[in-house]
Amino acid sequence: MRITVINPNTTETMTAAIGQIAKAHAAPSTEITAMNPARGPVSIESFYDEYLAIPEVLKLVRQHDAESDAIVLACWGDPGIDAVREMTTKPVVGIAEASMYAANAIAPRWSVVTTLARSYHMVEHVVKKTGLGDRCASIRCVDMPVLDCDENPDAVLQGLEQGGRLALQADHAEAIILGCAGMGGMEAALSQRLGVPCVDPVAAGVRFAELLVGMQLTTSKRLTYRPPEPKLRKGMEDSQD
Amino acid sequence: MRITVINPNTTETMTAAIGQIAKAHAAPSTEITAMNPARGPVSIESFYDEYLAIPEVLKLVRQHDAESDAIVLACWGDPGIDAVREMTTKPVVGIAEASMYAANAIAPRWSVVTTLARSYHMVEHVVKKTGLGDRCASIRCVDMPVLDCDENPDAVLQGLEQGGRLALQADHAEAIILGCAGMGGMEAALSQRLGVPCVDPVAAGVRFAELLVGMQLTTSKRLTYRPPEPKLRKGMEDSQD
Amino acid sequence: MRITVINPNTTETMTAAIGQIAKAHAAPSTEITAMNPARGPVSIESFYDEYLAIPEVLKLVRQHDAESDAIVLACWGDPGIDAVREMTTKPVVGIAEASMYAANAIAPRWSVVTTLARSYHMVEHVVKKTGLGDRCASIRCVDMPVLDCDENPDAVLQGLEQGGRLALQADHAEAIILGCAGMGGMEAALSQRLGVPCVDPVAAGVRFAELLVGMQLTTSKRLTYRPPEPKLRKGMEDSQD
Amino acid sequence: MRITVINPNTTETMTAAIGQIAKAHAAPSTEITAMNPARGPVSIESFYDEYLAIPEVLKLVRQHDAESDAIVLACWGDPGIDAVREMTTKPVVGIAEASMYAANAIAPRWSVVTTLARSYHMVEHVVKKTGLGDRCASIRCVDMPVLDCDENPDAVLQGLEQGGRLALQADHAEAIILGCAGMGGMEAALSQRLGVPCVDPVAAGVRFAELLVGMQLTTSKRLTYRPPEPKLRKGMEDSQD
Amino acid sequence: MRITVINPNTTETMTAAIGQIAKAHAAPSTEITAMNPARGPVSIESFYDEYLAIPEVLKLVRQHDAESDAIVLACWGDPGIDAVREMTTKPVVGIAEASMYAANAIAPRWSVVTTLARSYHMVEHVVKKTGLGDRCASIRCVDMPVLDCDENPDAVLQGLEQGGRLALQADHAEAIILGCAGMGGMEAALSQRLGVPCVDPVAAGVRFAELLVGMQLTTSKRLTYRPPEPKLRKGMEDSQD
Amino acid sequence: MRITVINPNTTETMTAAIGQIAKAHAAPSTEITAMNPARGPVSIESFYDEYLAIPEVLKLVRQHDAESDAIVLACWGDPGIDAVREMTTKPVVGIAEASMYAANAIAPRWSVVTTLARSYHMVEHVVKKTGLGDRCASIRCVDMPVLDCDENPDAVLQGLEQGGRLALQADHAEAIILGCAGMGGMEAALSQRLGVPCVDPVAAGVRFAELLVGMQLTTSKRLTYRPPEPKLRKGMEDSQD
C-alpha cells in the first residue's frame, strides 16, 4: 500500500518529522511518501495561508494520485479536503477528522488544543464540518505559532499541558487531541503529564488511511465528489478549451 | 462609497451582468467596480474550481483593498470569504449570506435553488456555516451548469420554477433564494411564476455591503480575522523572509 | 421611500432619539416617521410589557401601513413581528434580527449585551428564533433598567463596557451587539473602548428595511404570513360579524 | 385544588367543551373554572389573533390569580405563557407543552396534527421553544378552520385521520398529538382509527397542572419570571405613576 | 389505579424511602407497590451497574405487569426504559424524564445536580435522549456516592446546595432537579436554601404515571415498542424454541 | 495484537461468519478471537434483546480482558459499550461507530440500511449518541429479521439494494452503511449494484480497533469510564461485601 502524506506548508523539516511519524505508524508493508509543495506559506495559521496552500496541494495530488492508494492531508484543518476528494477515487483522509474519530472512541468528550489563539474559529469550523460538535468539550489554544512546535518544543508541550489541564478541569474533557501536525510526537509526554490519552493526529491520519484502503473503500463519486467538470480554467494547468 | 464586486470566475460576460445588477441596486453615490480574475475557471461548480479561484480572488483583494470601502464576493458559496476578511478592515460580504438574511426577514422558511445537482452539499455547507440551517427549508437543484444561466436562461428559469415549486409544495418553503450569481435578474419572473418573493443574491450582496459601510462597521480584528502573519510564503507575492 | 419606525414603548423621548438615529442612517430620499403607541408601558422589560405593547403596535401598523414602504420594530425583542408580517405585504424588520445579520458579517462569533438581568432568556429566545444561535457567543446583561439608557447613559455605557469585555475575554465573542433600542448612539464610544466593532440595532434595522424595499422584496404571503382571517373579534376594531 | 382554565378565544361553546373535558379529567377534589375573555377573536388562527387575545388573557389572570392554584392555557400555541408566568407564583401550564410531555413518554417520535395549513410554523415555533424539536417527527395540517372542530367535527376527525396516517407512514411518528384545544374529545376515535395512542392536549394540560400543584412546585422567580416591574403603563389598568 | 415503582438497585431501605415518597404523592385511590430486584448492585453509579440491574428490572416487569396500570423506574437514568416499554402496553415513566417535564414548566432553564462526578456524562445522555438538551442549563455533581443520600443526608444536602448555587449563579439555571432517586425528600430544604423551586424526581415520576393512566394513554405499539419477537433466548426464562 | 470480537447474540454460525470477516480484515499478526455468550437471545432486534444480552457480554469481557489488546462489539447498536469501557483500559470499539467514521471519510452524507422496521429508532439513537446525526442522510429498513442475513441472504441483499437506492435517490445519501453485523460480506455486491461505496461494519470495527491499539491509545479513565466502584452486587459474580 502506498500512502501519500501531504504537508500543506513548505517547511521541509516539518514534512520530514511528519513523514517519520507516519512511517512509525504505518504497517511494514505500507510505503509512505511525505511531501510538501515547493511554493506557499511555511506554516498555516490563517485562512489566508490555507487558501494559498491549497492549489499547491492540489497540484501534488494530481501528480501523485496514480501512484497512491490513499492521500493524507497532514494539517489540522483538513485544508482543501473536499477538492482532493473530487480529484481522486482513492480514500482521502484529513488528520483532523481521523484524530476526532480516535478520540471519540476512547472518551465521551474530548478537547482540541491547538497553536495560535486566532485559530479558535478555524478549529471550531473543522469540528462542526466533520459533524462531531456535540462530542467536542472545548477548544483551547497554546497561543504560540506553528513553527514553535519545531523550534521551541518544550514551550509548546508546556502550553499543551496548561491548555489540556483547563480542558479537563473546566470543560469536562476526558481526552486531548493535539490540534496541529507539528505537535506530533508530543502525545506520550502530554498523556503522562495529564493522565489521559492524547491523540497524535498524524498517526491517526495514516492509520485511518490504511483502514480505508484495507476495506477497499473509495471516495463516493455519486454526487458531491464527482470529478471536476472539464472546462476552461484560464492560465491553469488542467484547462480544457 | 466604492464597492468592489468580485466575480470569482473568469467569465467576463458574467462579470458584466453582475456589475449591471450591482449598479442597478447600488445607491447613486455608490461607485461599483466589478471585476474577475484573469486566471482561473470560467465557472465555479466544484470545490476544485472554488479552491483554484480563491488565490486569484485574494490577489484582486490585495490590489483593490485601498480603493474600496467594501468588498462583495459574487458567487453563491462565498468562496474564500474568511481569508478576505483577514486581509482587510473593510466589510466583506458574501452574496450567499446576504441573500439568506434577506430571505429570513420575509419568510419563516426559505429554500435555495441552485444549478448543478452536485452542488447540494456545497450549498448545505454555506447555509450551516452562516448559521441559518434551522431556517432553510431545503436545497433544490436545477441540474444545469452555471454557464447555462448566460447561454440558456429560459431553460434555467424553467428549472428554477420546477425546483422552487417543489420547495414550496413539499418542503414548506415560503420564499426562494436564487443560489447562483448567474441567476441574477431572474428573480422577478420567478417570483411571478411562483407567487412568492424570490431573492437575487447579487442585489442582496451589494445592498448589504452598503448597509455595513453606512453603519461604519468594519471587520473585527479581535482574533479570527487578524491580518495574516507576515511570513515566508515561498514563491508567492507577499512573502517576507 | 417611507419607513415607519415603531418604538413599542410609550416613552416619547426614546422615540425621538430612535427617530434621530433612524434619520441619521436613512438615505436622504428616505422619509422616516418614528412613532410610539399612546397607551402601554414606558419600557419593555418583561414578557408582560411586551404582550401589553403589541396590540398597540398592531394598531399603529393598521393605521400607517398604507403610507409605509416598510416597517421597523425598534425594540430588541422584535415584539409582535410575526403578526405585523401577517398584516402587511411590506417588508417588516426587527432591529434584533437586523443587528444580528450585521454582526454575523463582521465577526465569526458575537455577543449581545442587554439591559436587565431578567432579559437573558428573552434575548436567548429571539436569537434562537432568528436562527442564529450557533453564531451567538453569549448574552451578557448590564443589569440596569431600559430607561437608564436615557437618564443615566454614562452608567449604561460603563455597564456595556464591562459586559462586552467579559464577552470578548471569556466567551470568544469578536463583536458586540447593543441589545436595546435605547442604547442607540453608544456604539462608537463602546467600540473605541473595546476595540471591536459594535452594532447599533436601530441603525441596522432602518438600513436593512431600505435594503428590502430597494430589492422590491415583500413579505411572503404563501402560508404563515397570510392576512389574518376576517372574523369576529369581539369588542375589537377590525371585527367582522 | 382550584385550576383556572383559560380558553384564549371568545367562543363560549368551545370554552364549555374545554371545561367539560377539564372536569372529566380533573381529580374529584379539583375545582375547575373554565373561562374566556369577553373581548377578542373567536378563534386563534394567526399570530395576529394570538397577540390580540393575550392581553385579555392577562386580565383574566390578574383577576383570578388569587383564587387559583394553577392556571392552564387552553390553546395549542401556549399564547402569552411567559407573561402569565411572570404574573403569578402558581404553576402555569400550556396545553401544547403538556401534550408533548405525554406523547414523549409513550412514543419515541410523535407528530402534531393541527388545523389550518398556515399554522405549520406556529406549531413549529412552540415545539422548538418547549425544547422538544428532536422528538417531533412532523407537523401535519388538516387545513380546516378551528371552529370547524365545533361545527364540523366529523370532517375534522377525517382530516386528523388522514394527517395522522401520513405522519405514521411517511414521517416515522408513533403517536399523534391533537394540535388544537377544539379537537378535545376526538382522541379516542382517532386512536381507534389509527391504531396508535393520541393525546388530547386539554386533558394533558389539566392533569399536568394537578401534578405541579400536587408537588407544591411554583413558578421560579429567580430571573426570567420575576414579577413585571411596577411602572407607568399609560392608559392601562396596572399602571403605576 | 395500581402503580408499580421499581427501584433498580437492591438497597431495600432506599426502596422503602422511595415507596414512602411515592405514596405521599399518589392519589388516595392509587395503590403503590415499591419493589427492587433481589439480585444486583446496591446502587447504580456506573453504566456497569446499570446494565447489570436492567435484566433484573425486566424480570420484575414481567412478573408484575398484569397487576400494574403503570410502571415507574425510580432511578435517575431511566435504566432500561425502552425495553420495559416493549414489554408492556401500560405507560412506563422514568423519573428522570418526569422531573425534566416538571422543571420545564416552571423555569426557562434548569440544572440537574447529581451524585458522583463520574455521572456527568450519564446524566448528559439521559437529558439529550429525552430531547430536552436545549433547556438544560448545566449538570452539576455533589461528588458523593448514591448511598450517602441514605447514610449521610446532611452532607448530601450541603453538596446539593453548593452545586445548585453554582448552577444558579454561573449557568443561568432557574430551577434545580435532584438527579438521584435517593435525594427524594430533600427538595423542600434545598428549595428554601436556594430560593428556587426544586424537583423531586420520584414525586414527579409517580404523578406523571397517574397522569398517563388517567388519560388512558398506552405505550405506542406502532414500531419501536412492539413486543419483543418470540425467539430462542438461550438459558433465559422467556425463551421460545 | 489480540482482538476479542464479541457477537452479543448466541447464534454461533453468525459468530463464525463474523470471525471470518474479522480475520480477513485483520493484519496477519493480529490474532482474532470471535466469541458469543452461551446464554441470551439468538438475535438482537429489540431493546429487550439488547439488555438481556449485555450482562452476558460483560461476563465475556471480564473473562477475556487480560488476554485482549482490544475489544470489538459486533452488533450494530454497540450494546453495552459504555459499561465495557468502564471495565477495561483497552480500546473498545463498536462496529456502528467504526462504520460511521469510515463512511464519514468517503461521503458527505451517508445512510444506514438495517434489518427490521422496528429498529429505526434504535439506529437513530446510536447515530446521535456517536455524535454524527448531522452527517446521516437517513435510516432505511429492509424489514427482515436479523437471522435472514444468514438464512436468506439473497432476499436481504435485495432489500439492501432497495433501501439503499431510496437513500441515494430520496435522501441525498452518497454511501451506504450495512446496519447489521449479519450483513457482513454483502458490501461488495451491494456496492456494485448501487454504484456507491458500502461499508461493512465488522470490517470497520476490527480495523479501527487495530488503529487504536497501534496508536497505544487506551480508554480514558478520567471520569466517565473509571472502573465501576467495588460494591455489593447481590447474587452477582463480582460482588464485594
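Observations, loosely collected:
As written, the chains take the letters A, B, C, D, E and F, and residue 1 is the first residue of each chain.
As a convention for this text, a residue touches a chain if its C-beta (ideal position, glycine included) is under 8 Å from a C-beta of that chain, and two chains touch if they have at least 3 such contacts.
Nothing here was measured: the structure is a model prediction, and the numbers come from that model.
Between the contact lists of chain B and chain C, the overlap consists of A, D.
If you compare B-F with A-F, the chain pair joined by more contacting C-beta pairs is A-F.
Centre-to-centre separation of chain A and chain B, using mean CA positions: 29 Å. For the pair chain C and chain E, the distance between mean C-alpha positions equals 43 Å. The multi-chain contact residues of chain F, meaning those touching 2 or more other chains, are 82, 85, 108, 120-121, 172, 223-224. Taken chain by chain, the contacts fit none of the simple shapes, being neither an open path, a ring, a star, nor a full set of pairwise contacts. Here the chains touching each other pair up as A-B, A-C, A-E, A-F, B-C, B-D, B-F, C-D, C-E, D-E, D-F, E-F.
Here chain D touches chain E in the complex through residues 25, 27, 82, 85, 91-93, 97-98, 101-102, 104-108, 130-135, 168, 172, 174-175, 188, 195-197, 199-200, 203-204, 207-208, 210-212, 214-225, going by the rule given at the top. By the touch criterion stated above, chain A contacts chain B in their complex at residues 10, 38-43, 45-52, 54-55, 58, 80, 82-83, 85-87, 117-118, 120-122, 125, 128-129, 145, 223-224, 226, 228-229, 231-236.
Those residues of chain B whose C-beta lies close enough to touch chain D in the complex are 108-109, 172.
Residues 120-121, 124 of chain A are the ones touching chain C in the complex.
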